[in-house]
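Written out below as structure tokens is the structure these notes cover.
Each chain gets a letter, A, B, C and D, in the order it is written, and its residues are counted from 1.
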Amino acid sequence: MLSEERKHLIEEACGVFGISGNSEAANLTYLGLHALQHRGQESAGIASLDHSGVLRIQRKIGLVSEGFTEEVIETLPGNVAIGHVRYSTTGESSIRNAQPIYASTKFGQIALAHNGNLTNAEFLRKKLEQEGSIFGTSTDTEVIAHLVARSRAKDIQGALIEALAQLEGAYSLVCLTKDFMAAVRDPRGVRPLVCGRLGEARVVASEQTAFQLIGARFDREIAPGEMLIAHKDGSEKWLKPFNAQRPTPCIFELVYFARPDNEVFGRNVYETRKQMGRILAQQSGVEADLVIAVPDSGMPASLGYAEESGIRFEIGLVRSHYIGRTFIEPSNSIRHFGVKLKLAPVNSVIRGKRVIVVDDSIVRGTTCRKIIKMVREAGAKEVHFRVASPPTTHPCFYGIDTPERSQLIASSHSTEEIRKYITADTLAYLSLDGLRQAVRAEVTDGESNFCDACFTGRYPIPVGSRQT
Amino acid sequence: MLSEERKHLIEEACGVFGISGNSEAANLTYLGLHALQHRGQESAGIASLDHSGVLRIQRKIGLVSEGFTEEVIETLPGNVAIGHVRYSTTGESSIRNAQPIYASTKFGQIALAHNGNLTNAEFLRKKLEQEGSIFGTSTDTEVIAHLVARSRAKDIQGALIEALAQLEGAYSLVCLTKDFMAAVRDPRGVRPLVCGRLGEARVVASEQTAFQLIGARFDREIAPGEMLIAHKDGSEKWLKPFNAQRPTPCIFELVYFARPDNEVFGRNVYETRKQMGRILAQQSGVEADLVIAVPDSGMPASLGYAEESGIRFEIGLVRSHYIGRTFIEPSNSIRHFGVKLKLAPVNSVIRGKRVIVVDDSIVRGTTCRKIIKMVREAGAKEVHFRVASPPTTHPCFYGIDTPERSQLIASSHSTEEIRKYITADTLAYLSLDGLRQAVRAEVTDGESNFCDACFTGRYPIPVGSRQT
Amino acid sequence: MLSEERKHLIEEACGVFGISGNSEAANLTYLGLHALQHRGQESAGIASLDHSGVLRIQRKIGLVSEGFTEEVIETLPGNVAIGHVRYSTTGESSIRNAQPIYASTKFGQIALAHNGNLTNAEFLRKKLEQEGSIFGTSTDTEVIAHLVARSRAKDIQGALIEALAQLEGAYSLVCLTKDFMAAVRDPRGVRPLVCGRLGEARVVASEQTAFQLIGARFDREIAPGEMLIAHKDGSEKWLKPFNAQRPTPCIFELVYFARPDNEVFGRNVYETRKQMGRILAQQSGVEADLVIAVPDSGMPASLGYAEESGIRFEIGLVRSHYIGRTFIEPSNSIRHFGVKLKLAPVNSVIRGKRVIVVDDSIVRGTTCRKIIKMVREAGAKEVHFRVASPPTTHPCFYGIDTPERSQLIASSHSTEEIRKYITADTLAYLSLDGLRQAVRAEVTDGESNFCDACFTGRYPIPVGSRQT
Amino acid sequence: MLSEERKHLIEEACGVFGISGNSEAANLTYLGLHALQHRGQESAGIASLDHSGVLRIQRKIGLVSEGFTEEVIETLPGNVAIGHVRYSTTGESSIRNAQPIYASTKFGQIALAHNGNLTNAEFLRKKLEQEGSIFGTSTDTEVIAHLVARSRAKDIQGALIEALAQLEGAYSLVCLTKDFMAAVRDPRGVRPLVCGRLGEARVVASEQTAFQLIGARFDREIAPGEMLIAHKDGSEKWLKPFNAQRPTPCIFELVYFARPDNEVFGRNVYETRKQMGRILAQQSGVEADLVIAVPDSGMPASLGYAEESGIRFEIGLVRSHYIGRTFIEPSNSIRHFGVKLKLAPVNSVIRGKRVIVVDDSIVRGTTCRKIIKMVREAGAKEVHFRVASPPTTHPCFYGIDTPERSQLIASSHSTEEIRKYITADTLAYLSLDGLRQAVRAEVTDGESNFCDACFTGRYPIPVGSRQT
């Protein structure tokens, strides 16, 4: 799937990072966020605790490497820092909604950043407003800050726990106070969060790939419902302050979102995606001359498909490295170049061939349709589209903001109808069972130990009024 | 006095503007703020109420004309708008502290901007934090927003009144809600606030000069303690919701801060400053060849001085129009050009002459010393410095943020000591009586009906812990 | 006259600066150009000769202080530097036409910058193109570079002389080669050029005001037709390489262009302008209550007028300091604020009064008309406009690019017609004799020793095809 | 090979595009340059001929999509346009050296842009300077402009031919005059240049990939020494104005530089690279568990290697999409992340495996060494490095600016020494014969019909003083 299309879909995808106990805390957070950049490219933010105990914060529109120049990082001294990358819309509002958010409270200063989505955010917000709170942003994170500030707990750690206990939904959260850095994962463990060490320093991140870049050692996942308090003096506490719930990590992290050079939820992402491709090949084999990927997201699955089917893998589509956030299509009659600005077919590979094109998923179907058109124009004799996940029929309410249900082509069209729309000769999806097998899900009574609501509509956490 | 020096002194000087009932509301606010730009050059902000009842807001670093391009103004549709200009420090914090501030509350959305300083802001903030409020900025204005949000009043008008009733200090405030624009002046009336009409539309501003630019008609000052509610439907309410207090408008607005092409507190600014110069000439005449002004602030007083003394007025110092916010002094050995980059002496006027130099006030004395050095190097035979206000001995806590008392040269030095420091042949200040006479103050038992605490230390409103 | 209007008129106004023998050469050039900023605000450039004998050059759109940050200046090391400020149009072309220009020639590298206008530039350019030269800009300066490069002289000094000998028109030029800095003034001496010393270092500039800022000592004017060669080793040569011609310095420098804190052509600018005002008062006295100036250009003359007439001088118009290059008028119905954004009347001064308004000149008459409208709206009973120079009837072809003749109101309208157009009660210009007397011109057979072609149409240098 | 390293190596790599006869000429040039962006990312330029016959030009630092906003493109009207992308160094000089260059000559205006390098540029430049020409840039292109301008030919077409006849070296040039667009390839045909049609319009480009994006039809290569004159009226001339020479197209275009979705010199780039990989596998087989590529440049060869060897291909290194031109490494102790910011290993793929890593070439060896370190740290048991071209022993003087010979590791080290330096278990290069076979070169007496001087030191065109 193309991140171009994604851009309009995922509004709440995010990544978080935190480090405590290193004198280069903000620098390392900058690098960690760079390694998590695939989780959100629209804004980035870093908060640090300076040596006098004051929280400093910087939030910038754009890529981490664009906004965080050396001058900016120098305004963030201290041994502890947290950071965040996110999607957001343009304009001033986007900077207003960027994270970490900052709040001065009766417990002192606090900075918060999270990845996920609260299903009772609207309810809590209304309630807080009734009680006299004011909101300056439309983020879930500000709700959390208010709950902390209003807590009757005796200290900020207690207040944070009390606040989090009221949340429903998915969150992997990092928090910075003058006393500690905290990292918490919701009881369902929907979004990933891992911890490790860089020398003596404690590090946490959405994905291990951030550790790899800075040379940190991976310790383990933070467990669903677990909270780590890393004090400034180096001491740590591990808490399990919430009622236990059945964990349901997000299967779509393994399908698309996480970086392939990574383990997520104890699964090797690259190998899992290859396995999806292999099973897909078993389930929907077709005679063809070659297998190509929609780069880069379809790459591992297409290699698995090729391996299993014995059909040759080739680079049939080349991706441009020069499509930035700012690419402006020319005006007038020659608009709408769309996917052509990003992908180009390798004609010599495709010409006269029966081609299997593998991608990770289909959302609206529009990009997919353009790609098949491109492959046909390059001379393909047949185009067989293979999707390494089941039909995406339901939106996500836990942090991957797929479009409304009405815009998901598979919510209202049969596979045959989709095939016609995208103009493929054949179209096949990986079955739900195949996906579950690839991710090594444990299935009990038809329920797996992953959240796969986007494919099944079975939402493990009630989604209230937002349910379509 | 040079605004260059001011820059480091006045951190809370501001200007406000509001308009209700004109389809060009944001455009006119832009123009109004341009006319108030002398009240604050570091950031500017405009909030408007769009046609669907949603508050829009834009805040920018720099001059109004720099940040508010046509594209930005186009994001602010609607018939009602408020705006603000302010000083602030650099960095992200400055944008965070820019106004108007925005808050979503149980009463709906609200935007607030004010000019002034609350003397119980710290107390209220602590109290609000204890009650569970969070603060994202260090502005007084956020305190007001919280008080509104926490009010038990039945509607937002009641809540606003309830909130303001808790404030101590000086404020001239504009407020925008989905139902009305409000404009309020504190019961002491420390900062100016005027109202008028542009056609049918209601306009309010810190100074009439904003009306003059847009062609609006001046109606009258908003009285101390008075509140105007201008509803979207054109209806208006005038309220006096607070306990009456003895008004004490800021005398320094007349001495320096307000624009001369203006009336403030019923006084003509230009004529009042000329009168200060005339009385100064009566009080401290000296034989000399000519009178020159420190441009532009000393201009009216120097004309008055010349008129009264019969000594010829000349342009002895020329001001550069090209010193912007960004002027960077070159490095290395040739630093510290300071005042020379801004002012240049007209040698031919000064050479061989006995020169009277008139300025509005002396704060630290450093700029004054440099100017005298410059005048001497231009060949003056004698330099007689005349200050059109009394010695500035005390800081302002009501919105003109003069430096700490320890940095005010007159707080710890006699006039003779100051004369030596600034290297003048003679130095004289306008007497307190002379100043009061010039502004036509009514004096009862030694107390005038202006706040002149910066010259007397008699603070009409308690200043709590900030008192030096 | 307002520089706002000027902006559209003067396309070739410029200032030059040069320094040889100071290790802070580029820094000091930056400061010198800042002091000459009134001569051109659209682009600025500095060239320096680094320690390895390589010419470095930087040219930037905008004010010197905007484009020349510390980082930029650091790219210009060396003991010798020249600089230039100029007006130019927007877009890429403007940077292309910015000066100094750079050329690599058979004599080595050369950088050139000049103030003035060549009347045979078009002829020379055509000739050079016929001989195979290419032009990358539309500046006169590139013509000079080509003439140098094509010279058969034995060295670059000879080549420069040979090139300059072919020029007709006005120029004050600075030139940098790997061996020396040169400064030359055309044989007519139309544009100013002065030299001085900063310690041991040689400095040259369009106006002395640049020396004053950096603390340099003024030595003398560079004489018409004189050339200074300042070698890197500190040795100097003064040459008179051209056929002598009757000098005709530009009288308009004294009327408007030069800074008042200055001597130009041996005349004190401020005092000369006051004298224009005095004579104007003698020639066209009128009963009135007060004299006001159009700031800042009309200030000295209005003081002279007041002094001579005995009528009180007042500040009747206040100039905004916040009109930068970027001020964008709002769209829609409220456009065309024009002069109101820049000037504001002091109503209290003007109301009910018979007002004499003094400016230095009238070009198109449009700004003047707006100012009188403004003064009338402020309540003036009568408005008497007084112009401290004769009617501007002819364009300048020597470096002050007044508009085409057809746009000069005085070229086709009588004074009475102009009075009606600008809506003044009375209008009077300074007579030509009065102007000549004020500048202490020597007049022989009706010809003065100044160029006053803009007032008389008597062009001392043939202007070829450009003559209207 | 990583483009990161390239950045410092290739200073003259470029791409050109031209179109005549389409009303969207500048828009289409923008798109064409986007498709050629891999040939140069530091600056871009477009020149168009507007409807009044005036040449317009815009040159910008950075990617095409960054500098050429809609506003900029709108300043380039007309039916004919040429464009250029190039590498260059930072600072003002880079914009000065950007192309197309513009010149006003006796033949009228001309714009020129080329890809390549002239080996007698220095000689011609000296000669032209001796004859009185001036140079404002250090580009070869300016030399060509001077030769055109000095020509005695009767028209600009003749002048262009006369100028080009004096050149030695490699160039693929586009030229715009008020009468025609020209496209010329040097007699050796070192750099690629192709022509096609978009409807009626004539298009030319460095690579066909530019045609594919805009939907143009590929006609054929412009032959070595061939010149196309496309007149404004749609008529065309094909000329062969130069003495024929043995063509020697650049073999490195096929090895690395050209885009894989393309044909260059009649060879399919992707398939040719795969073939290099296949032959490499035949020549230097080794027992291993998997084959991985250095993305993206090593991808096709690694697929060929895997295919031939029967060893499984895997994605072992993932490339970040978020390394832009502006990535700034953090300061202090954690510098020098280098290749880690760009590439990340897929540990699960590599761990415990014997890995063959395939890249297209080795230049300095430093990046290669870092990659092997990364692969080892990811747990590889053995690392076998395979290079799909022979040792790069000599610099290119024809437009791909590899570093000086002394910096090419293979110029002074044996393969075994290089293996030790890069810490590979084994290292093998493709043989020269193998490379020639892969590109289907015709070899006569040891000389092939490609320029392979970078691998052999046999320079088909004398390189004069630049030869190391």
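By definition in this document, contacts are C-beta pairs under 8 Å (C-beta built on N, C-alpha and C of every residue); 3 or more make two chains touch, one makes a residue touch a chain.
A quick note: this is a predicted structure, and the numbers were derived from the prediction, not measured.
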For this session: With contacts defined as at the top, give the pair, A-B or A-D, that has more of them.
Result: A-D
Seminar exercise, completed: When centres are defined as mean Cα positions, the distance from subunit B to subunit D in whole Å is 61
Seminar exercise, completed: CA centroids of subunit A and subunit D: separation to the nearest Å works out as 37
Exercise. At what distance in angstrom does the C-alpha mean of subunit B lie from that of subunit A?
Worked result: 49
Exercise. Can you list the residues of subunit C that touch 2 or more other chains?
Worked result: none
Problem set entry | Contacting chain pairs - touch in the sense defined above | A-B, A-D, B-C, C-D
Exercise. Within the complex, which stretch of subunit D touches subunit C?
Worked result: 57-59, 75, 91-92, 95, 101-106, 129-136, 145-146, 148-151
Problem set entry | subunit C partner contacts - residues on subunit B that touch it in the complex | 24, 27-28, 30-31, 34-35, 37-38, 41, 63-66, 69-70, 73, 209, 212-214, 259-261, 263, 268, 270-271, 296, 299-300, 303, 307, 312-315, 318, 320-324, 326-328, 330-334, 337, 340-341, 344-349
